[in-house]
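So the structure is just underneath, and the comments pick up after that.
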Amino acid sequence: MSARLRNILLWIVALAVLILIPFVVEDRYFMHIAVMAGIFTILTLSWNLLAGYTGQLNLGHAAFYGIGAYTSAILAMQTGLSPWLGLFAGGLVAAVFGLMLGFPALRLSGPYLAITTIGFAEILRLVAMNWVDLTRGSLGLSGVPLLTPIKIGDFTMQFYFERDYYYVVVAGVLFTLFCIRRLIGSEFGVTLQAMRDDEAGAQSIGINPSSYKLAVFTISAFFAGFAGGLFAHFARLVSPELLALHNTFDILTMAMIGGLGTIAGPILGAVSLTILSEALRSMEEVLKIDIRLIVYGLLLILTILFMREGLVGVIKNVWARVKGDR
Amino acid sequence: MGAILTTDRLTKNFGGLTAVNDVSFSLEQGEILGLIGPNGAGKTTLINLISGAFPPSKGTITFEGRDITRDKAHTVNTLGIARTFQVVRIFSRLTALENVLAAMVDRKHKGPWSLVWDSFFRRACALTEDKESCATADSLLDFVGISKYRDEQAGNMPYALTKRLEIARALATQPKLLLLDEPSSGLNPAELTGQIDLIQKINAQGTSILIIEHVMKVIMGISHRLIVLHYGEKIAEGEPEKVYNDPLVVEAYLGGDSDAQH
Amino acid sequence: MDSLFLQQVLNGLITGSVYSLIAIGLTMIFGVMKISNFAQGDYSMVGAYTAVFVMAWVGGWLGWIGSVVAAAAVVGLLGVVTERLVFRPLMTRWTDIDMIMVSIGLFILLDNLAQLFFGATPRMIGDPFGGTTVNLGVASTSLLRLFCFFFAGVTIFCLELFLNRSRMGVAIRATSQNRFAAQLMGIDINQVYRITFGVGALLAGVGGVLYGTLFAIYPTMGALPTLKAFAVTILGGMGNIRGAIWGGLILGVAEALGGNYIAMEYKQAIGFFIIILVLLVKPSGLFGRKEGA
C-alpha cells in the first residue's frame, strides 16, 4: 500500500470517527467539552504557527480570540450580518489587529516581545471592560444569535444543540488544519522554518524576515479571531474574560505539551489537556479542591525540562522503538 | 569583460576599532578573486559589507553598475550575490533537500503573500513532492557531491559536508557572484582536492567568485588574482605568485601571528 | 502647584519604590542569568502571605518588621530551590522561549498552589501604627506608607552595599557584565547563579510584604507585580539595576497621575502604554545599553 493511499485511508477513518462520536456519546455536557476542545485546537494551531514556526513568543493571542468573538457578536447583533459571514469577519478584524501588533513586534524578541504582546492584550481587555456602549463592559454581550439554519433542498440543518455546534467546530478545525498544512508544506512554510533555524542564513538566500513575520502574525491572528467567532455563537456570551492572560497561558501549555513546531502537537495537546482537565474536574468532587491548573503548571514545567519535543516526540520515540523491535 | 563588483574606499568602524579601512578593489566578470590576510585582517567584515549584513561606515559598493551600499542582505541576494559563512549557517532542522529548495524560491518577484497565495492555488501538493523543483535541487546536491544526504536533517550531517550544503544553497539562488568565506576550513587533504575541483566547476559555469581562504594550496591553485588585507587595509593586489613574494605580504604574515597553512 | 498633584506624586513615589524593589530582583536575575522570570510576582505573593502569618502570630510594628525578615528568608529559600530544580537544568541548553515558558509554568503552578493553600479570600496586613497619618506640609500620607517607602530604600541600599562591597556581590556584577570572563577568573558560576536567584527572589519577597501592605493580598495577586516589574525593567533596561530604581519611581508616579488625571479605568495599563511607546522608539529600553558588544 502506498504511503499516499494509507494517508487518505487514515484521514477517512479519522473523519468517520469524528462524525460518529455524537451518535455514540449523546451526553450534552460531553459535547460541550468537545466543542471547547475544538475551539482550543484552532487557537493552539494558530499560536503554534507563530511560536513554533518562526520562534516568536506571542503572549497576547487571547486578544485576537476576543477580538474575533466581539466582532462576530457585535456584527450579528447590531447589523444583522449572517453569523456565518461573521466568523470570517471576526477573523479578518483580528488579522488587521495582528498586522498592527506585528509591526512593533518585528523589532522585538524574547522578553521584550513577550511583555509587549501581553500589554497589547491587557490594554484591549481594559477597552472591552470600559467601552460599555459597544461591549456592555464586564457584563459582556449576552444573547449572541445562534448560527442561522442551513437549507439544502428539503433538509434544514438547525444549529441549536451542542451536537450541532460540534459539527461546525469539527469543520472549523479541519478548515484550519487544511490551511496550515498547506502553508507549512509549501515554499512559504519552508521559508518560515529556514528563518527559525537561522535568520542570517535565511537573509543570505534572499528572505526578508520582517515581511514574513508580519504575514505570519496576520495569519495567526486570523485563525484566532475565527475561533473567537465560533465561541461567540456557541456560548452566546462574549465577555472581556476572553482576552485574559490565562487563556493565552492555556493555549501555550497545550502547544508545548503537544509538541511545539509540529502540526499534530497542538491538536494532541489541546484535546488531551481538555480531556485531562475534565477528568480532574470530576475528581474535584472527591478531593474537594480544584487541582486542574496546578497540574497544568506542573506539566508545562516537566515538558520543558524532560520532553522538549512534547507528546509528539514521545510518540515518535515509542513508534521508532516498536518498529526497531520488529 | 568589465568589473562586476567594485568597492570604493570602503571603511567599517566598530566603536573605536576600524575593521576595514579605505579598501577599494574591483572584481572582474568571471574572475576568481582570492582574499587573504592574517587573522583579524577584516576579510570576513569585507564580505559582510558586500553581502549587506551591515552597512559600511564610509565608501560605496557597486554591483553590475548599481549602487548596493545600503541594501539589506536579502536584497543583495536577489540582485545576484550569494554567500557562504565562515561558521556554517545552514537550516539545521530542515533536510539537505529542503535547505536547497528554500533557496530556489524566486524571491525577487515573490514576497510572503504571493507565496501564501501559491500554497493554496498554485502548487498541487506539498513542496517536497514538486517534481520539477526537486529535480533541480537534487542536481545541485549532486553537483556538490552530497546527494547521499538528501533526506538527512542538515543538523545531523558531518561538518565538512554542511559547508558543501551551504555552497549548494548559495548556488540555488542562481548568483552571478559567489562570496565564499573559508570554504575549506576543517577539510582533510583528500577533501581539499575535491573542494578545488568544485570551486573551479562553479567558476566554469560563469559565476564570479570572491573567496577567503587560509589554506594556501587552495587559494594559490584557483585564484586568478589575490588581494591581501592587513589590519583592515589593502596592502597588495595582483597575480598570486607576485603577491605571494611581495615583501610587504611576507612581513604581514611573519610579523603578525601567522596561521597560514602551507 | 496644587496640592492634589503633589499628593499624587507622593503616592506614586511610594508605590513606585515597591515596584523598584520587585523589579530589581527581576533585572538582576536577567542580567546575570538571562532568564526572564515570569514567576517573580509570585515570589512577592509568597512574601505577602508569609507576612500575613507572621502578623497573625506577632502583632504590632515588631511583627511587621519580623514579617519582612521572615519573608526575605522564606522567599530567598524558595528562589534558591526553584533555581536549582527548574532553571538550572535549562541553563546549558536554553532558548528564550524555553526559559520564558518554564517560568510561566512556575507562575501557573505557584498561583494555583496558593489558591489551594491560602483560599481565595483576600487578606490584609494590619496597620501596626493604627492608621497614624503624617502631614508633610504639601501632602500627607499614612505613617505606614511612609514606612514602606523607607523600607524599600533601606533594602535597596543594603543591596548596593552587598553588590559593591562583598566578594559575592562583585562576582555577581562581574558575571553580569561578562559571564565567560568571570568563569575564566575562577568565579564559581553555579554559586553565583544560586545567590543571584536567591537575592533576586528575596527582594521580590520583601517587595511583596510592602505591596501587600499597600494593596490587598490574594493568591492570584502575583500577576500584577510580575507585569509591573517587567514594565519597570524594560523601562530601565533589562539587567540595569539603577535603571530599575528610576523605572519603578517613574511608573509609580505615572500611574498615580495618569489614574487621577486621565482615566482611572486604564490605570493598570499605563505601564504597558509607556513601555510600548518606549520600545517603539528605543528597543533596548530607556536606560538600556545597546545589546551585544
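In this document, chain identifiers A, B and C correspond to the written order of the chains, with residue numbering beginning at 1 in each.
By our rule, contacts are C-beta pairs under 8 Å (C-beta built on N, C-alpha and C of every residue); 3 or more make two chains touch, one makes a residue touch a chain.
This structure is a prediction, so every number in the text was calculated from the model and none was measured.
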Among line, ring, star, complete and other, the chain contact graph is line
Per CA centroids, the chain at the heart of the structure shown is A
Taking each chain's mean CA coordinate, chain B and chain C are separated, in whole Å, by 49
Rounded to the nearest Å, the gap separating the Cα centres of chain A and chain C is 33
The distance between the C-alpha centres of chain A and chain B, rounded to whole Å, is 42
Touching two or more other chains in chain C are residues none
Residues of chain A that touch at least two other chains are none
Contacts from chain C onto chain A in the complex sit at residues 30, 36, 38, 86, 89-90, 95-98, 100-102, 104-113, 115-116, 223, 227, 230-231, 234, 238, 263, 265-266, 268-269, 271-273, 275-276, 279-280, 283
Listed in rising order, chain A residues that touch chain B in their complex are 179, 182-183, 185-191, 193-194, 196-198, 200-209, 211-212, 214-215, 219
Note: in the complex, chain B contacts chain A through residues 51-53, 72-75, 77-78, 82-83, 85, 89-94, 98-99, 101-103, 105, 107-108, 110-113, 115-116, 118-120, 123, 125-128, 169-170, 172-173
Chain A contacts chain C in the complex at 51, 55, 57, 104, 107-112, 114-116, 118-120, 122-123, 126, 129-130, 245, 249, 252-253, 256, 260, 289-291, 293-294, 296-301, 304-305, 308
